[in-house]
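Written below as structure tokens is the structure these notes are about.
By written order: A, B, C and D. Residues from 1 in each chain.
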């Protein structure tokens, strides 16, 4: 199983070389196709369409924007996944459900703040179970100071609450088997994922909830000849938040003592121990950092899409894995970059293929990367 | 089953105790279900057939997964994808033909109309080939990467069949297709009868029909019983096949790959070839399992639909295997049976029994109430009964939560499974000391004299 | 300083001779898992002394180091440092006792910068000890020059300096060096040995395991020859070096 | 595995005497007269030839143009100080690592860059420095695995009813051979034990027994005596000599010098990735450069 590095297999050699040529061809084809589509040109060969078509510029730009925003959420989530991989040494299949935790805890907080302070007509139980139409709460970041406060508090609690859950999970599920194989930890994480996911189901039920009230969210449009490109305040919130959090993580890892210790531990656990770095504390800090980012990412998803269900975090996890693998598992900068690539790939793929296959194409991209460059694009380092 | 006739009786008795253990467990499970069922007045026939259905399916599933993970260490968490390929291809091959453009509705699609056994063979073959497609790039990856790739592939499959563009297409004047988001009706006739016929057991089937008509007067019951029997037969077949595969030099190499691939390679075994072959075989078995799983929705013709192919069932199967203990076929069957009876069917059955006993309809209560209503009395008057009731009514959803806890518990406390470590030697014969040399003349070895023989 | 304790093969009784030693290893048995490597090893390092352990391949030299630093399975005997019993203590506690350890391989954090590596060396302190850092930079000017470089991109010799620098960040009383010359080009080996001399001259006791026996014995105060997991000879470095029997031991008597 | 005797694999080897068997000795020109004499000695057969083998890991050159040969039926020692590149050389010969440059010839055939199982298949088998026992398999299973090209390794032969019988018969033959080997190494009392529960020395024995069962021509043993107790070591050595007399060829990496010097008729000394010298133990012992290499410092090569 530990075949990927150093040790050669014949399958690898067989598969790699013709594949590079094929990949280059596909890449060039897609670029050419895109250019022709944007120009509205269609090339036919013997009556069969081979290249081009029509893709309005505004639709294309909307896809780019949507892809970037999705990529930011993926990246934000991926940082935590990547860190736990490099410091604890396993692929955490419960990570997707930590998004769910953040989304629910944050939204409940926002509902309660907006419902109790603002409208004061709902009881806390109803609000906490998200049983009312959110439009009545006017939960938009530009919807007045109460809504603004509700959203900011929601963000904070989403982060902090997820940290709490994650720490409890680590203490109960992962710490007792810290020294076991990565596969044992991985299987355990699947168990954790089921518990968390179905606990959310148990409490909030299977219906998706919807939050934002579109009327109150400010929109900014640019009109092109082919139509409008629109961005709203929640998109911008996500952009600002994600970028600043990523910068924050960068600064933290580069300058803080614990951040450096995390990188040190990701690099060389034995040496970290010999040097006197308190490994358990570093692990706890890893969960805190990863958990808070993931929780916030969950809440920003709610803001951005305006809806969330108990199963969504799990469905999202594969995209996050795709991003993290693409960027080189273990590297947080890889996770950020991989997130953007996967997000863009997912949304831009709809230029070429039916939108139902958008997600599939992102997974396919991940598999291609695993085949061509198993160590990821930011290869060579397993650095947090 | 794999016992050679040359092996002494004493030994075969020991070997045979494995199937005996399985039988004993099955009997115990049936007894509990029958007793509880009769208390609650559940029809014993439907009680037993639906229990058998799930025991059979999960045992088969655990056996197939055990070949990948338990024997060879291939971390496949895309089982449902391979099941899907199997059942979809079978559907297309064996569905009634439909002329292209004939169906007015968009997604309607027919098949090639070939006999069901051929369809099943094609389905298993297609799943094996799909496995090859995954294996070529993925088998050189580390276990955790292979896990991610397999689950991604199963999702790619699900998303692809959901896509409307291949819901229906025209091949040589026939409308074939995957049905898109609407899924496919498995209208290949009475699959149970077809399978009995294929096994040249048409007479047995007719006998069953006559017996059922005398007993209950319903032909549906025949299909239920027949389906249960078919599943048990397949379970026995899978078990025999995999035992034979495991108890052979072939199986020995698989175990060796699981333990240390590089060392095995250095002993002159072409480990890549073994991994590819075994991955394909396992995927083929999963493909066939897919057909069995969806062919008969508890008595009637089945249907398939992309939402059924979410990874949830994969995790069920993993829990079943972990309970039984990866690496042992006997353990896999027992794990599958325990999982089906206790964790999978258990909550629903318990709910039915409670319904019958209390004369209530708990599932209606679940629809009417929610977590909030259940919690409110606790806050007010410490009345936990509504929460308990809600919990009971949500048992079906909660079973996955419980499974999660079971996984965590087993990984912490019994990573070798409930049955513990089982010493199953991978060889075609019993590995005892050959008769010609009794324990007494070990001295020969001490001076190295064996070489002269 | 080195003359004071060197050539200590005097006639004084064992107990008197070593009563004041900083590190005392007595009857140490140790190994990995169930595999015993060391049998009955005795070893002493006095305050300020420079002691070398040499011996043929596979004699268990590195295991002695690791056992002192709590990285092997302890099977018997005692290790005392600075009058406190550190037998079986885990490495992250031993580090508080004033012992520094430089492993043979993987002894730096590759992806951290040089400066960050040094800061990690002083992790257990609240603040980065500026004076210790200045001292390390003074001793290894190349580290100051390259303090922002990613450690993994430096040459082998520089990495070895960095590993020593990291261990010196806590100003330990004693430094354990495991084959510091391994894998270094010949001219770098000399430089490395000079650095060890300097560190010792500044008052830090040294216990060093070396493959490069000739050079190590020439420079140290005292040496031990380890064969088959037991210490066979002990004398001043130069005396050992001239001993024909010792030379032959390296090629298997 | 039809011929299950542990017998001399001679014919194939004898037929393959390379014409240029002595070419590579020219590299050893700076040696004293005794070694030159050794160089003139043209071996009967040279099953294993390594020419200018080089292996780089990134910027580090672990093996730097090493050339040597192993004679048919010899017990050859490969020694050198830590970091001399012995294990890397082993890994390059057996296909675990792909050499950066150079050629490995086995029985005259260029086997450079073949996969480990292809190398093993040609009769060049190896053991590992740290025993690679298959922990969750019993000792018997570990050994039953080893014989090459078992019919039952084909899935169909193992599963189909009408071929199963031949598999069973073969298994019985293999089992007998395995018990012989178990008794030969006196570990038959451990037969049903999981290999993971064995002690370090027992694992070494198991690994040697296992590799012998692959019926190789040449065995590459990586520190076979590490962790083996002295009495066991003695018996192992006896076995090695016995096997060598039967025609097996051994190349042994070992750090215990006594052992190499007393048991090998040829010794190859590696230093800093290349071959410093080779010859009889006496030659090597009296070679001042070898001692220098071991004591440390620069050595003129």
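For this structure, a couple of remarks:
Keep in mind that, in the parts below, contacts are C-beta pairs under 8 Å (C-beta built on N, C-alpha and C of every residue); 3 or more make two chains touch, one makes a residue touch a chain.
All figures in this text were calculated on a predicted structure; none of them were measured in a lab.
Under the contact definition, chain B and chain C share the contacting chains A, D.
Most remote chain with respect to chain C, judged by CA-atom centres, is B. Taking the mean of the C-alpha atoms as each chain's centre, chain C and chain D sit 35 Å apart.
Centre-to-centre separation of chain A and chain B, using mean CA positions: 33 Å.
Once the centre of each chain is set as its mean CA position, chain A and chain D turn out to be 51 Å apart. Here the spacing of chain B and chain D, counted between their Cα centres, is 46 Å.
Shared interface positions of chain B, defined as residues touching 2 or more other chains, are 262, 271. Counting only residues that touch two or more partner chains, chain D has 96, 115. On the chain D side of its complex with chain C, the touching residues are 60, 81-83, 199-200, 223, 226-227, 255-261, 285, 290-292, 294-298. Contact residues on chain D toward chain B in their complex (touch as defined above): 5-6, 94, 96, 115-117, 120-121, 125-126, 128, 132, 134-138, 140-141, 144-146, 148-155, 158-159, 164-165, 167-168, 170-172, 175-176, 179-186, 188, 191-192, 210-211, 214, 235, 238-239, 242-243, 246. In the complex of the two chains, the chain B residues touching chain D come out as 4, 6, 241, 244-245, 248-253, 255-256, 258-260, 262-271, 277, 281, 327, 423, 425-429, 431, 433-434, 436-437, 442, 444-446, 448, 450-451, 453. Residues 1-4, 7, 9-12, 14-15, 90-91, 125-126, 128-129, 131, 172-173, 176-177, 180, 182-184, 186-188, 190-199, 201-206, 318, 321-322, 325, 354, 356-357, 359-360, 363-364, 366-367, 370-371, 374 of chain A are the ones that touch chain B when the two sit in their complex. Against chain D, the residues of chain C that register as touching in their complex are 33-35, 56-58, 156, 179, 181-183, 186, 189, 210-216, 247, 250-253.
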